[in-house]
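Order of writing sets the labels: A, B, C and D. Residues in every chain begin at 1.
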């Protein structure tokens, strides 16, 4: 029974890595986007697994219900028939691959300093209420700032998206 | 399933995102890769919060902010992509070279 | 009210500007605007005079506003209301107003009607500004603007060469005098450090100005006055200025501008008083001018020329008056002369308008056709001749009295002789123009009376010519207004009156006998005194002498200079320099081509090669930059960690 | 008396103890019982749409003075079943221009979240499958995944009408998601919980012994929140008057033009399941869940009350569909952004003020 979370974690990790690779290697952008939807869903599951229930719901609500739908929307708007025939990576893919490998290996090796950390014994508790208190308490200033950023993004998106004529 | 595992997963996903950002020709692909990197960072934050500071929720709060900023970034980025597409009829980065001699 | 005296010059200025720029769209080309403005100025002037009469205005009244500062000397513009200024205000406004009304009829068909009124208004502004000035600088500005207006108005009909030439002549000749005035201004400022009349007067009293300096300044100012008031030897421009329209002659060259010279002498009287010698010069120049001009007037056939020489003569009379310490007398004669000479000029204009000629020998008996003009002309003539009770009688009498009192007997004799000559040539003019038989029937038949806008000003001026002398004499008004401390009181002298009137009457009688009574034929008289006649009718050959002495040599010198320019400077200097420069340029060009250019090309080649190599870094490809950034970041982290 | 919840839990208890007493490991027993519970929900979710399709046909028929299906079974009650069987046996046609994988995945992605969404719904006393702490948020977020299915369908069909339908659906659903979430916020603020069961239970009680303490009866905030929630739910389920993504007269049938047979049936299933889910949510959030009224407690069990209220709201959905004409697409978006959203914010501010008053 105690192995169940670990099993779930490994399965999710594998799914996440696979879908992430899919995002960056799929030839069709639409497939990439669908793959990203899957990856994000897995991340939401990971959040739930780590006891962040509110975050999981928010992840699904914002990323999948919002960002990814708009992303797909734009993909559908901007796609042209011959796009799926074209190569989707540029000339520097090998250099980039080397660099990404260096970064990934360094990160994984760098995180080894945490390898002796004990497994957490604290049982997760529902987070929504306390998260709300945190956001409107200690984190009030960044919270308000972020709402301003959202407003600015809204205005900016309307401005950029406007047709030149109107 | 320890702290190290979570962080390693985060690092791997992050480097995949870096690769995507550096290689995708399509601007949308770049945006998606950036989302991947965001999520890798989010995983790291949640994991740190879970294992190092289980008593409070600051890590999760930060994740919320990251999600919010990511949403803002995606919206502005996508509207920019649409504007570029309207003008250039292309979403490939190598065509966005108006300043190229 | 006196505080608003500055409005008097500025209303015509405003009218001038408006007419000049917007007159095209105004009804009647804006002429009514000019008349309205000068009318308002006239009303203001009369109002000021009335206030002085009933005592509510104390003279001298002065106020000033800062204008600009030259170093430590603050300069200001302002108004000075004293006796001469009040009288001159009335004179200028009245004559200007009447002339503008007169011009409505006279200039009716003239081209550039709008511009004529703009110039007239501008002239009026400058003259009024001069009269009201409380310092020499403002006075000088008015003086020069007036000169410019005079130039513009003399050559108003610039299609005719004669008019254009006359304008040039007037401008250049008066400028010669203005040079003296300008030098005088500089000297004044050096000597006193101020342009203000009151301050200068104060300095003259406390002796900061040496008599020698005062003499210099006085002579320089008199030089300006000689130019402006057409005194010998700078009188030559005024007869030629008759090329301008007749109203202009009446306003500028009879009543106002030429009187400005006299006014300048009056304003600077302090300098002259300091050195009696300078007054002698003024008196003698004036006396000589009076006789000299009167003799030329005897033989002139052009009616306007007669009046012009008469004007010169009368200006000489005023100078004579001022020179013999008759400050009051000179300015008094200025006032009366303005009235009757304006009348005479406007009358002559009316005649010319009717007869279409200036030559008196082609007229005759015109009084039958234009009785108003004739009657007013007679009144003006009698006033000029100095017959009682007309205005000229009083003023001329006063000048002669002054001369007699100050023991200038020679000058007194010249004055009497001038009075005789004046009466004679005015009789001649009246006789030839209005009386006798009509010498050209066609002209006579076509002549007709002028419209009301011309005759009404004539009548008003006639009334003034009769009354102004007596009016000013009564009640000591004259002494209160026009007096200078230190000049002797004038005492009535029957001897002078008898002599003056006698010479005038004898002039009239002689003229009557010769030109109407045909006692002696004018032609035979001319033949009998042929050398004198030739001398007079050629204006004493002054123009020719000037030509031979100044203009001719100048032209010869210029030709010689031109030849030198052509042969020496052009050939050797300019062309030679050019040749040398060309040769130098060829050498330089070779150097440029083979050394500098190669250097430039070489530099360019080096930079181009470097750029070709370096631009591979700048791919213009975003993700390449991103790759570099990521690489740099990784390296940085590694460098930090290890 | 007829409460289903205790009976069911007793049944499962008995089954588990029976299994363990016969040598089955307890973990496996729990797993199996969970699977059985899940299957009950799936069965329910699958059967409810059939009922709704029949109801829709009958309601529309009566509204248009017709009889509707009458031949299959008494009053045609087996008509939907027959249709389902027919659809199941139809050939699965994939257009040649379509993307096979996307075309295949679209109905699956559209329908799968629905089953998950039913997890936190409190069908009655003791009948909440999983009492999630973030229940409301869970339903709202997971139901958003279905939009991806619609987009996949629009894209994968290789058909411009489907594509346009998908684009319209994306725009509309993302937009109406916002007022929908915002309209729920006053309820969450008032009851201080996101669990549907807690909210439903909190609405028990009477004012003056007559008026139920349901949220819809709270002055102003209840009514406004309910109306906004209802309108945006109609839009979220792509039903008339907000059926722009599948407008037959404009886009043939929008995103499901190229789908036939069972795939089409799955889209249909998803739509009606969402209608029922929205009604159930409205019942739990605004109408007191299983709380009865007028009659004394216990006469009618709570799950019947719940179903009655839910079907009443389902009837509202049907009623709208056969009453209102379709909105133009720009009017639709304007209505969302310029009417529903601002009023939702006003409502939230009002609810906040009321919460403050209550705290005093």
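In this text, a contact is a pair of C-beta atoms (placed from the backbone, for glycine too) under 8 Å apart; a residue touches a chain by one contact, two chains touch by 3 or more.
This is a predicted model, so every value here is computed, not measured.
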{"item": "Core chain by centroid distance, with centroids computed from Cα atoms only", "value": "B"}
{"item": "Subunit B-subunit C separation of Cα centroids, rounded to whole Å", "value": "91"}
{"item": "Rounded Å distance, subunit A centre to subunit B centre (Cα mean)", "value": "6"}
{"item": "Euclidean distance of C-alpha centroids - subunit C vs subunit D, Å", "value": "107"}
{"item": "Chain centre separation in whole Å, for subunit D relative to subunit B (CA means)", "value": "33"}
{"item": "Shared interface positions of subunit C, touching two or more other chains", "value": "621, 623, 627, 630"}
{"item": "Junction residues of subunit B - those touching two or more other chains", "value": "18, 22-23, 93-94"}
{"item": "Pairs of chains found to touch, sorted by chain label", "value": "A-B, A-C, A-D, B-C"}
{"item": "Of all residues in subunit B, those that touch subunit C in their complex", "value": "18, 21-23, 30, 93-94, 96-97, 99-101"}
{"item": "Residue ranges of subunit C in contact with subunit B within the complex", "value": "620-623, 626-627, 630"}
{"item": "Residues of subunit B that touch subunit A when the two form their complex", "value": "1-20, 22-26, 28-29, 31-33, 35-36, 39, 42-43, 46-47, 49-52, 54, 56-58, 60-61, 63-65, 67-76, 78-83, 85-86, 91, 93-94"}
{"item": "Contacting residues of subunit D [partner subunit A, same complex]", "value": "27, 99, 102, 105, 132-134, 137-138, 140-142, 144-145, 147-148, 151-152, 154-155, 163, 166-167, 170-171, 173-174, 177, 181, 192, 194"}
{"item": "Contact set on subunit C toward subunit A in their complex", "value": "621, 623-624, 627, 630-631, 634, 637-638"}
